[in-house]
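What follows is a set of structures for review.
Heads up, the next two complexes both have subunit A, just with different partners, subunit B and then subunit C.
Now for the complex of A and B:
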């Protein structure tokens, strides 16, 4: 029985090697830096990673489908601008703190709608999601500049910026939000019909079609989820900053994809999990935080993160390589 | 056998299916009664799989009617067909690796609660029940990627049992099963038959067909050749129906006296793909490799061409032991491979005839830093004349040529590399009958010019026609090697079914 349990644990680790890596760097930074192992710092890491983490949850679904969404960074900026701008419209001036509600609805609605648009184009035209969302990334970013006239917006309502700093009990609200979202998306992916079909569509599309799964609408739903998550990340980010700038969310798509891939999701689709993605997000968060505490210059942090990404994927390739029988390439 | 009801479970009438340039099915009729096993036979390319895809709604027929239990039906898609009780069990696996057995069995129709959550207990209970019926020793929770190919095949079969099937089509179900698993499968088929299901059974293996089926129908070149009651016919008659002519005249007779041994292989193995393979090929000789799909023939060719690393054994070229590190090395040692799939592996369809032909040696055809046009055209002209390639000009994109001419371009490409050993994998797949003969003649001519030629083929007439010797393979092993005089169709069929000469009387 003990060996069985051990096998299960070992198997879990081989399927989620990123968690081995998370433990490794956690121990490393705990031993090498006196400020790292501290409850406040852990909360800090969760808050810092919550933005990328929220998007990564949605991106995991899209990538298991075998698609990708490059427009998330631009959606973050658009949602943040809408959130900060609309709540200061004169029309809602008498609403008190409720003026945030129409802004929130607009921001999340636009994010979801842009996701749906990406998905419908991919479905109806059959153009690769990479190209479609690359176009959306450029186009939406352009819209942000048109909308903001290249200006930053500042939140006049301090309740809004306080929300970003608030806590639920001892834990920061944003960390709580991220954890709840993680659990919800995990349940969606592992327990629901939609979630299981996500694997089927990405793993063997022809089999999914033959089994009567409506692949197009299915993919649109996942694009809507990632759009919603990106907009939510834009809202939380603007609340943390109390402002929105048109350049917000630049390169976020790359950080998100890095986290998801580190978490074991295959670019070709069909495999991946929220547990892995959560590990990937934490790995990036801990590395950035730890190196920051050790006062590693920011540019070296990028070099190190890039090297780690490639090293982890090479390792993964070696572990899953077929034996000597494989066809050479 | 069983009592036959008056209306057959399934009747196909005058099914015609054309693809651009090919009439794949030409007015095919088929009648399957409830409670019978109806075997469908034909050579590769005779149209069996196409017919079944029409039946399962994956293709729409151009003409003809599908009548299910006396009612004319239209199969809009595979789901539709399944809902109406027609289930096709694919030859190739179509499973999702990352999901569990249960999820694959009920793919697209997972039982769920009101809120869209998967009802795991129902799903696992139902799947385990089906798996028990199939005597599978794995359970519903097993991940498909953890199963062997044979067990994955059982999962595929389990899918058919989720609905109340009227007709179940098995397309070469035993290709990857072990003997013990076959027994289980046959029990399942007999059980289905006893419950009044009509079963279509496609197989190349005569022994299975004669022990299992009640009636059999034969297709040849896309047209229907007749139906027989299995008990009233024999293998000879069935083979004649399949091939359409007596085989003895088809054998190759004009052999040249073979020269020195060009290639010798001793005890070559590559993991599970093939084991302990030994043979030799002489100059001026054509050696045919015959076997079922998956017998390891193509893998041997890929190993000789340096695409796979052998795990044991030696390769000798002109008596000298060599280690072939990759295709480049193979080419420089005089080995060329005309691959199995012309369009995917052999040609760049959008490029011109000339550019395709000179592709492997383009690095040498230069004047200064530039590619020499004249040298390229000279090579093309030479092989166009030699192989009788019919193309309006060298500028023509290869994709626009007929299959036979495309294949000649590939052969020409490798002849231009001046090989000693030429390996041709499925040389006439997808090529019409007239051009087939030409390719066969070409292969014979090449041998008589002193090349050592290996032909890999799944078509018996082809192997018998072009080869001086035939090597029969079964699941990675050489079963028997035949000289031109001793090969008979019967012994060849037995050998590729794994029956060794000492057991077959």
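Now for the complex of A and C:
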């Protein structure tokens, strides 16, 4: 019985090798730095990674579908700009703190709409999602500059920036938000019809069509989810800073894709999980935080992250090959 | 009959769509802006496109072989910082030599990981993008570099000089484009690159060493980045650490606009050159018409998707995708 249990644990770890890595660096930093193993620091890590993490949740769905979304960084900037700008419009000046509501609706709505636009273009034209969202990445950034006229916005209502710092009990609200979102998307992916279809569409599109799944609308929904998540990340990021700049979110798409791939999601689609993505997000967060505490210059983090990304790819290739051989015997 | 003729027009549009779009943009800008069709202005656009163009030539070879190279942007930062920094320390010729060797080593790593280990090129070069960005910052310690006496060195001529009234970057861009076009369209190596990108399995069965071809493609891409870094470093006479940030996507936009399929196996160098020039002319034309510089991004968004869409639509014979 014990070996069975051991085997199950081992198999879980080979399916989610990133969690082995997370434990490894967690132990390493705990032993090598006195400030790392601290409840406040853990909360810090969660808040710091929540921006990338929220987007990564949506990106996981899109990537399991066999698509990709490169426009998320630009959507973050657009949502942040809308959120900070609209709440200071004169029209809402009498609303008190409720002036944040129309801004929030606008930011999340625009993010979701841009996701829908990407999805509909991918669906109707049949152009690869990489190209569609590469175009959107440039275009949405253009929209940000058109909207902001290259200006940064600052939130005059300090309640908004206080929200970014607020806590629920002892835990920061942003960390709670991220954890709740993680659980929700995990349930969506592993317990619902939509989740099952996500794997089916990514694994074998022809078969999914034959099984009666409406692939096009299905993909649009997932693009809307990632658009919504990117907009939500823009809102939380702007509330942390109390401001929005037009260059916000640059390179986020790269970080997010790194986190999702670290978590074991396949670019070819059909495989991946939220548990893995959560591990990938944590790995990046712990590495950045831990190396920061050890006063390693940020440059080295880039090199190490790049190397880890490639190492995970090599490891994954080896594991898959072993898996195939195991199936043969 | 009418439908046959329509089909004929459709396939002509599809085959030469990029040229037609090019012509339309040129005519449009020329009609609405007085200074656009000025010879000096046109030459300036080509000169400004030279850096992206030179990189795009290398990336086209990689894309035809069925892979991607996202690391060219940070490789450009790395190479530019290195050549500018070493220029004053060890002299121009050794600096150029060391820089070219360094980028070729990076190209080797890409080629090894994608060609030999057969890893996914998108992720490998994404990892390399971040790693090389870090390397650049480690190398320079986060400082910007520059050449102290820019007037005295012949190195400045690469980006600023001209020959027979045409700027040297244009000469480099043009020569490299023609050379690589001939290589890709007439040599056995070129045919192998198309074969590997078009059908990897079939190419292996016909005795082509996929590993070697992909490896060579990444070396070519790295070398092109090195040449672009010479132009950029010499033109500016200094360099920031993140000078190449975002170049990979502009380059890719040019390659895609030129009609090279990301699936590999199709595309030509000259069409990539036209794709890059279209982006350059859109940028220049919109500025001359008085739009803010960021409006070009919106136009690029529409142009890229339309270009690829029409290409695909012509191949499948219907406008909309058959996906349910």
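Definition applied: the second predicted complex is superposed on the first by the 321 of 329 C-alpha atoms of A that agree within 3 Å, B and C clash if a C-alpha of one lies under 4 Å from a C-alpha of the other, contacts with A are read in each partner's own complex, and residues count from 1 in each chain.
Please note the rule applied: a residue touches a chain if its C-beta (ideal position, glycine included) is under 8 Å from a C-beta of that chain, and two chains touch if they have at least 3 such contacts.
Keep in mind that this is a model prediction, so the values were computed, not measured.
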First, second, both or neither for A:235, with subunit B first and subunit C second: neither
Which superposed partner A:191 touches (first subunit B, second subunit C, both, neither): first
Subunit C versus subunit B, contacts on subunit A by residue: C
Partner chain(s) touched by A:117 [first = subunit B, second = subunit C, both, neither]: neither
Which superposed partner A:204 touches (first subunit B, second subunit C, both, neither): first
Partner chain(s) touched by A:300 [first = subunit B, second = subunit C, both, neither]: second
Subunit B versus subunit C as contact partner of A:142, first or second or both or neither: second
Residues of subunit A at both interfaces, subunit B in one complex, subunit C in the other: none
Parts of subunit A lying in touch with subunit C, wherever the complex brings them together: 121, 123-128, 130-132, 134-143, 145-146, 150, 205, 209, 214-216, 250-251, 254, 257-258, 261, 267, 297-310, 313-314, 317
Complex contacts: residues of subunit B adjacent to subunit A: 58, 77-79, 82, 94-99, 103, 107-110, 112, 115-118, 270-273, 302, 306-309, 311, 326
In the complex with subunit A, residue positions of subunit C that touch it: 113, 117-120, 122-124, 126-135, 137-138, 142, 245-246, 249, 252-253, 256, 262, 292, 294-298, 300-302, 304-305, 308-309, 312-313, 316, 320-324
For the subunit A and subunit B complex, residues of the former touching the latter: 191-194, 196-197, 199-200, 203-204, 206-208, 210-213, 270-271, 323-328
